[in-house]
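Per-chain numbering from 1; labels A, B, C, D and E assigned in written order.
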Amino acid sequence: MSAPLVEVSSISRSYSMRSGMFGRATAVHAVDGVSLTIPKGETLGLVGESGSGKSTTGRIVLGLEPPDRGEVRFGGKSMAAPGTPAWRAQRARMQMIFQDPLGALDRRLAVATQIREPLDIHSLGTPAEREERVRELLRAVELTPAHGARYPGALSGGQRQRIVLARALATKPDFLVCDEPVSALDVSIQAQVVNLLCDLQAQLGLTLLFISHDLRVVRQISNVVAVMYLGRIVEIGSADDLFARPEHPYTQALVSASPAPGRRSAGRIVLSGDPPNPAARPQGCAFHPRCPRAIARCASEVPALSAVGGERQVACHLVTGPQAETQDAA
Amino acid sequence: MGRYFAIRIGRAALTIVLVVTFAFVVLRLSGDPALMILGPEAPPEVLAAFRKAWGLDDPIWFQYLDYFGAIAKGELGRSMRDGRPAIELVLERIPATLALTLPAFVFKVALGIPAGIYAALHRGSAIDRTVMITAVAGFTVPSFVLALLLVLVFAVQLGWLPSGGQDSWRHAILPITTLSLGGAAVLARFTRSAMLEVLGQPYIRTASAKGVPWRKVVTSHALPNAAIPTVTILGFMVGTLIAGAVVVESVFAWPGVGRLLVVAVANRDLAVVQCILLLVAMTMVTSNLIVDFLYGFLDPRLRAKGAHA
Amino acid sequence: MTDATLKDTAVRRRISLPAIPVSVALAITWIVAMLVIAAFAEKIAPYGFTQLDLRNRLSPPGNVAHWLGTDELGRDVLSRLLVSIRISLLIAFGATAISAIVGTTLGFLAAHFRGAVEQLVLMLTDFQASMPFLIMALAVLAFFGNSLPLLIGLMGLFGWERYARIARGLAISANAQGYAAAVRQLGATPSRIYLRHILPNIASTLIVSTTLVFPEVILMESGLSFLGLGVQPPMTSLGNMVGYGREYLTRAPWIMLAPATTIVVTTLAVSVIGDWLRDRLDPTLQ
Amino acid sequence: MSPLVSIRDLGVAFNGVAVLRGVDLTLQKGEALGLVGESGSGKSVTWLAALGLLPRHAKVSGSVRLDGREILGAPASELDQVRGGRVAMIFQDPASALNPVLTIRKQLCEALALHRDLSGDAVRADALRLLNLVGIPDAARRLSAYPHEFSGGQVQRIMIAMALAGNPDLLIADEPTTALDATIQAQILELLSTIRREMGMAMVLISHDLGVVAENCDRVAVMYAGRIVEHAPSNQLFADPVHPYAQGLIGALPPLDGPRRRLTAIPGTVPDPAHMPDGCAFAPRCALAAEACGLAAPTLAPIAEDRAVACIRAEASRRALLGIAAE
Amino acid sequence: QGDNRPSVTIAVQKVTNANVLDVLREQSNVGERVFFSSIWEGLISKNWRGNLEAVPGLATEWRRIDDQTVELKLRQGVKFHNGDELTAEDVVFTFSRERMFGETEAKSRTTIQAFEKIPTPRPGKELPPDVPAVARRIWPDLVRVDAVDKYTVRFYNATPDVTIEGRLQRYGSDIMNRRAWEESASYLDWARKPITTGPYKVVELRPDVSLTLEAHDEYWGGRPPLKRIRFLEVPEVASRINGLLSGEYQFACDIPPDQIAGIEKNAAFEVQGGTILNHRLTVFDKNHAVLANPLVRRAFTHAIDRQAIVDSLWAGRTRVPKGLQWEFYGDMFNADWSVPAYDPKLAQDLLKQANYKGDPIPYRLLNNYYTNQVATAQILVEMWKSVGLNVQIETKENWSQIMERAPTRAVRDWSNSAAFNDPVSSLVAQHGPNGQQQQIGEWTNVELNKLSEFLETSTDREARKKAFRRMLEIAEREDPAYTVLHQNATFTAKPKSIKWKAAPAFAMDFRAGNFEA
C-alpha cells in the first residue's frame, strides 16, 4: 500500500433544521466522527444506509463544505480554505461527480461546453487540444459529439450522468469523489464506465472515493469498502472480504438484500423497526433498535470501531466484545 | 439572530444619516434659499436679512452641526417659507399622498402580477403579445401624458370624473388609475419574465405529473420560485409610497408630499426636504429590509446556513 | 464523428434557428433605422434644427413643407426629431449600459462576499433609492458642472439600484443551486461563475430592467436639461421635445407625439429584441 | 379483459430527430412490467410522451389508451384527472424534480388533496403516514423541511410517497431506487408490491438494476434505440435472453461474489438517433449480424407465448447463447 | 333666508409664494391676485377697473402738509372682518414698529441702504426677518404716523419725498385691524388669517393648496356678489384648462398666450387679461470680457425684433413698452422715449466697431420662470446670431446660479415691476446703487447713481423728470444695463356666461359690480 493521499480524521458535520421560518432549530448530525484514509491509486468504496451521511462525507473530503470538527488532509497537507485561489487551483486535482446530475449542470450551456469548462478554468492545453479532449471524453462515456451540442434538459438521465462524469475526468484529476456515478446507467454502459475508471486508476494512479448503493459495482472497483450507518462508519474492510463475510449486522443485512436476477430473496435479512433518525440518535449503538441480534449492552454503550483481524474493523459489541454475551440476544 | 438584526438596523441607520448628510450638503451648496424663496426681484437688504435670520451666512459645517444638534433634541427644523415646523408641514401632506399611493399600490399588484402570470401562461400567443405591448407602452408613455389623456377623456369629454382637486373620493380615481397603470406594467413585465425562467424547470413538470391544473402549477409552484425580482420591485415601490407621485400630484392638483418635496427642493427649504427624505429613507430602508427577509421566506435555501449559529 | 461535425452541428444550430419572428425582424429594422438616423441626422434633416420661422408657428403635420408640423418657434419637428434621436440614443444607450453594468456588478459583489460588502452595497442601493434623482442631479451640477459625458454618467446612476438588488437576490439564489456549486467545485473563479453561469441564468430579468430604464432615461434627460444638466436649448433631444411639448399637448399635440412615439416604439423594439435574445439564451423553452 | 394501458406505435421526435420509433406496449391491471435497456433508448420519454409531459417542441405520434380512452392530446382538464390520479410517475432525477421552495408537506398534501378528496387534518395525517411508509426518519418534523435538506435517497423516497399519494391505478417508476441502499430498496420494493397486491395497482418499473427488475416484475420489455426489441416474462428473459442486445446486457452484470474479472460491455457504440442505420439499430454492434440485418428494421415478432423479439437472427442468437452456456 | 349668491373656484398656478397672507411677506406678483381687491385695501387704492390710477380707498381725501408730511381723512363706517370699525388707531398700528419696522430706523438717508441688522425670528409675534426689511424698502424714511383724530392720520417722513402718496398706494401699505393682531397667538396665526377691510374674508388658507374666502357682507363698497371664492392651486396649465372646460373651475388663471386660441375655439369660453406692471428685461453683465464694451451691449439691444416676439409668442396680446416706465407714472412718463430700434444693420456695425470676433457669450437661462422664457431666449439667440453675436444658452436651475459672480456671467433674464407710480420704485430700486444688479456687481454707472440719489430726494418735479430721462438714456442706450423686451401680461380664461372684467394686473376684482353669472 502506498502513502495515503487523503486522510480524514474524525470529521463531523451537522445541519440545523427548523420547522418553518421561526421554528426551533434541531441539529441533524449528518456525519459524526468519521475517519478514513485512502492510499494513492486506490479506491475506497462507501456504502450504507440512505441518509447516513455518505454524500456529506464526500463533500467534506473534497473540501466543498467545511467540517464542524475534524480535519481533512490531502497529499499530506491540510485542505486550503474554500474559495481561496489555492483551493481553486487544487480543484484541478480533485473532482466530484454529484449525485443529482441534472442539478449539477447549467441548463443554459451546451454540455460539451460544460465538459470543456474545467479545462478552460485551469487553462489546460490549447483550445484545439481542449476540443480534442472533449471529444475523447464524450467517446469514453459512450456519447457522440451530437450529444455534446445538446443542453442538459434534452438528455436522458443516464446521458446526463455520463456528462457529469466526463466533466469530472476532464482535468485528469488525482482524486475523484464519485457519488452514485453509475446509478442511471444500463449495465453495459455501467460496465464500460467502471472499466474506464479502473483503467484510469491503473494508468494514472487515480484515487477514488466511490459512493454507491450498488454493491456489485462497489466490489468491482474498490480496494477497501467502508459501511456507514447514521453518520458513522460501522465496518470497514477489503472489498472481497467484506462482501464475502460481512461482520456487522447492518452490513450483513445490506449484502443479503442486494438483489440479483435469478436469485429470489432467499435468506434475505429484512430489517424491521424505525429508520434511524440523525436528529435523535439512539443511545448506545445506533443500529441496536433494528438489530436482530442486539444485546443489552448495545443500548447503552457506543461500540468503537476496532480491528478484528486483517484490515477489517467493525464497530459492534457482538463482534468485538466478550463472546459470552453474544448468545443472549437471539 | 440578535446580531443579524443589529447589523441590519445599524446599516439602516447609517443609510439614513448618509441620505440626510448628502442632501444637506447638496442643498446648501447648490443655491441660495433666500433668493429662491423671496424671488429674483427681492431687494438686497431683504435677502440679507433673511439669510442672517436663518443662519445661511454661517459656515456650512457649522450649519450642519447645528442641524444635527437640533435633531438630537428632537427638532426637525422649520420651513423657511412660513416658519412653520417642517414636520407639521410634511405630516399634513402624508394622508393625501397615501390616499393615492396605497390604493395605487394595491391595484398595481392586483393588476400587474396577474397580467404577468397570464402572459407567461400564454407565452407567444396573441394575448401575451397584447399584454406585453400594453405593458411596454404603459411604462414608456410619460405619466403626465397618460394623466392628461385620462382627464381629456373622462373629465372633459365624458364629464364622468373631476379633472383635479382633492375634494372627494371621485377625485382620486383618475390619479390612482394613472399611478397604477405604469406600476402594473412594470410588475407585469418582471413577473412574466421571471415566470418564464421557471416554467422550464423539472419541478414544474413534476407538478403537472401530479395532476395539478396548469393554472395552479403556475401560481403555486412557479410563482414562489419566480418571486425574487417581483418582490424586489415591490420593495422599491413601497419605498416610493411617500414621495413618488410627483407628476400625478401636480397634474391632478393633488397636494401631496411629492409636490411638497419638489417645491421644497426648488426653494432649498432644507428642513422640509430633510423631513421628507427622512421619512422616505425610513420607508425605503424598512421595506428593503422586509424584502431581504422575504427572500429567505420565499427561498429556504437563502436562509442562514450552517448548523452552529 | 470528426472535429468537423462537432463544429458543424454547433454552426448548424446557429444558422438553422427557427426563422426570426416577424416582430423581432421589425424591431431590429427599427433599431437599425434609428442608428442610421443617428449617424446621418443632419444630412437627412430637411431643415436646420434651430431654424426659426415665427410666422409659421405650430403648423400642424401633414403639409408638404413640414411633414411633422412645426413647433412653438416654427421649427421643423421632423428635423428636430432626427437630431434628437441621435443625442437621445447616445445618452440612453450609454446610461442604460452604465447602470446595468454598475448595478449588476455591485449586486454580484454583494452576493459573493456577503458580510460587510453586502451591507455596503445594500446601503448604497437604499441611499440611491431614497434620494430623489433631482438631488443627485443637483449634486452633480454643484460639484462637477455640466458636460455630456457627465450627463451620461449621472444617468448611469439611474436605476442601478434596481439591478443591484435584483442581481444580488437572484445571484444568492443561484449560488444555492446545484449548478453553481458544481462549477465552483471545478475550481472556477468567482468571475467565471458569475459571468458565464449566473449571469445568463438571470439575464432575462436584467433585460426587463433594462427595457425599463431605457425610456426612463430618455425622458429624465429632459428634466435634467431643465436644471441645466442635459442638452441645452436650442439643441434638442427626445426628452426635451416631450418636455417642452408637454405644454402644447392639447394645442399642438404633434410636437410631443412624434418624439413620444419614437420613445415608445424604440423601447418596444428594445424589449422585443431583449425578450427574443433571452429566449435564445434559454434552451429549455424552445 | 381489456388492457389498462395500451400504447400503439408511439413515436416521438425532437427537432426532427426521432427518438422513439414506434413503441407498442400493453399493460393489464395489476401487472408489473419491467422496462430495461440502453441508457438513452427512450424509456423515460415513452411515459413522458404518454402523459403529455414533454416540452412543446416534441412531436408525438401514435396512440396511448387508458382504459380504452385516448389520452394522447386529450384536453388539459382530462389529463389532470389522469395524471397523479390514475397514472402516477416517479421521476428519474428526484432532487431536481421536487420544488425547492415548497416544503415536503406542501408538495405531498397537494397530491393528496387533488386526488383523494381529503381535507384539513386528514391530509396532513396521510402525508405523515406516507412519509413513514417510505421510511423517512423523524417524519413528523421532516414534513416541514425543504427538498435540499434531504439526502439523495430520502428525496427519492419522498418522490415515491408523492406518487403513491393519489392511489394510482398505474405507477410509472423511473429508476425509483437508484439512490437507495439495498435494505431500504428492499423495503420500498416490498412496499410497492404490497400496494400492488392490495390495490391492484399496475406498475412499470424502469430500471437498470436487472436484479430489481427480475425480482419485481412479471414481464420485461427491453428497449434499444427507441424501440422495444424484446419482450418476455421476466424469469424467461433473464434465464434465456434472445435478442443479442438483451444477451449482452445480462452478460455485463458484475458479480457480487467470486473472482473479480473485467466487466464485459457490449462492444461498439449506440447509434446517433440523427443517423440511425437503415436496418436493425443494433446491427452495427451485433456479433451475429447478417447482411439482411442492415436492410430493414425487424419488427417485434412473437417467438413463443407471451414472448416477442425484434431480431431476424433470433434463432441464431438463441443457439449462440445456448452454445456459450454449453461450453 | 338663503344666500343664493354663486361661489366660484379659481384655478391658479400658485396661491401665494410665502404661504401666508401678509402683504409684507409676499414678494411675488402672484400674491396680488388673492390680496387685491378681495382681502387687503390701502388708504389710497388703484383703480383696478381702469388704468390703475390712484383712487380713494380707505381714505377719502389726502393732502400735503409739506414736502415731508401727508394728511389723510379716513372713510367712515368701514367695517373690518371682525366687525370693528376702521379708525386712525388701526392705521397707526399698521405702520408701527410692532407690525412693520421692527428695530429698523428711519434715517435721513440719501438713498436706500442695504444690509440692515435685523433680529432672528423667534416664536410668538416676533416679525419674520424679511418683514422689517421689506417695510423699510417701502418706507425708508417714514418716521411715524399720527392719529390726528379718530378719522384723520398724518404720515411724517424724515426727508422731503414726492412719492409718499405713491408709496401709500403701493403693495404693502395696506391696512389691518389692530385688535385682531393683538388677539392672535402668533404672527403666523395672524398672517394666515389677517383681519382686514376687503370685500372677502379668509375662511381657510391651506398652504400650497388652496385659499377659501367668504363674502364680507358689511363691506363698505357694497355687498360682494360672490358667496365664496376658492383659489385652488393647479400647477399644470393643461389641468387648469381641462378643469375649466369640464366646469370644475370658473376661472383658470396663468394661461400661456399660446393656449388662448385653443380655449377660445370653444365658443363658450373667453380669455381675458393683458399687460401688467412688469417688464421683461434682458440684463447685461458689464464686467464680462466681451460685454465690457458698451458697443457690444448696444448691438444686443438693436438686434432684437421685439415686435416679432410679441406677435408670435404673445399672440399680439402684449406690447413693446416705451422703455422701463409705465404710463401711470403720469407726468414722470416720457412719452417720446422708446426702446432701441430693431436695426440688424446697425447692430452689425456696432459689432464691427467693437471689433467683436465671435467669442461665445453665455446666456444664463432658467426654465420658464417667466412665461415663454425659454422660447424667447431661443428666438433671441437666433436673432443675435443673425447679426453675428455668438450667444450660448446655459440653463441654470436657480437664481443664485444665474446671478453667481463669475467670468461666465454675461447675459440673463429678469423683469422689473413698478410698485408705485414713480421710477424710484422700478429703475432706481433694481438698477440703482442699492438695486440688486449693482449689488451683485453686474453693472454700475457713476452718473446714474448720482441721478438715482437725486430722484429719491428731490422734490423738484421738473428736474426729476429730466433726471429720469437721463437715467433711461444711460441704462438703455449709452451704457446698457438691460434692455426691455416687452411688457408682461397675464391671462385668465373663463366662461363667457360669467360677466367679469379682468384688471390690467394680477389682481382679480370681485367687488360689487364686477361679477354677474
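Just so it is clear, a contact is a pair of C-beta atoms (placed from the backbone, for glycine too) under 8 Å apart; a residue touches a chain by one contact, two chains touch by 3 or more.
Protein identities per chain, from UniProt: A, D = ABC transporter ATP-binding protein; C = ABC transporter permease.
Small disclaimer: the values here were computed from a predicted structure and weren't measured.
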item: Steps needed, at minimum, to go from chain B to chain C via contacts; value: 1
item: Touch-network distance, chain A to chain C, counted in steps; value: 1
item: Most remote chain, CA-based centroid, reference being chain D; value: E
item: Dominant interface by contact count, named by its two chains; value: A-D
item: Chain whose mean Cα position lies farthest from chain A; value: E
item: Chain centre separation (chain D, chain E; CA means) in Å; value: 92
item: Whole-Å gap between the CA centroids of chain C and chain E; value: 46
item: Inter-chain centre distance, chain B versus chain E - centres from mean C-alpha coordinates, in Å; value: 39
item: Interface hub residues of chain C, defined as touching at least two other chains; value: 1, 138, 141, 176-178, 201, 246, 249-250, 282, 284
item: Junction residues of chain E, two or more chains touched; value: 238, 242, 397, 401
item: Multi-partner residues of chain B (at least 2 other chains); value: 30-31, 144, 148, 152, 200-202, 299, 301
item: Chain D-facing residues of chain A, complex; value: 15, 17, 19-20, 23, 26, 28, 47-56, 99-103, 139, 142, 144, 146, 153-160, 162, 179-180, 183-192, 194-195, 198, 213-217, 219-220, 240, 243-244, 250, 253-255, 257-265, 268-271, 274-280
item: Chain B-touching residues of chain A, taken from the complex the two chains share; value: 13-16, 21, 25, 27-28, 68, 102, 107, 153
item: Chain C contact footprint on chain E (complex, rising order); value: 237-238, 241-242, 256, 258-259, 261-262, 308, 311-313, 365, 367, 374-375, 377-379, 381-382, 392-397, 401
item: Interfacial residue positions of chain B with respect to chain D in the complex; value: 200-203, 205-214, 220-221, 224-225, 298-301
item: Parts of chain B lying in touch with chain E, wherever the complex brings them together; value: 30-32, 35-46, 48-50, 52-55, 79, 81-84, 89, 144, 148, 151-152, 155-156, 159, 162-166, 250-253, 255, 259-260, 263, 266, 268
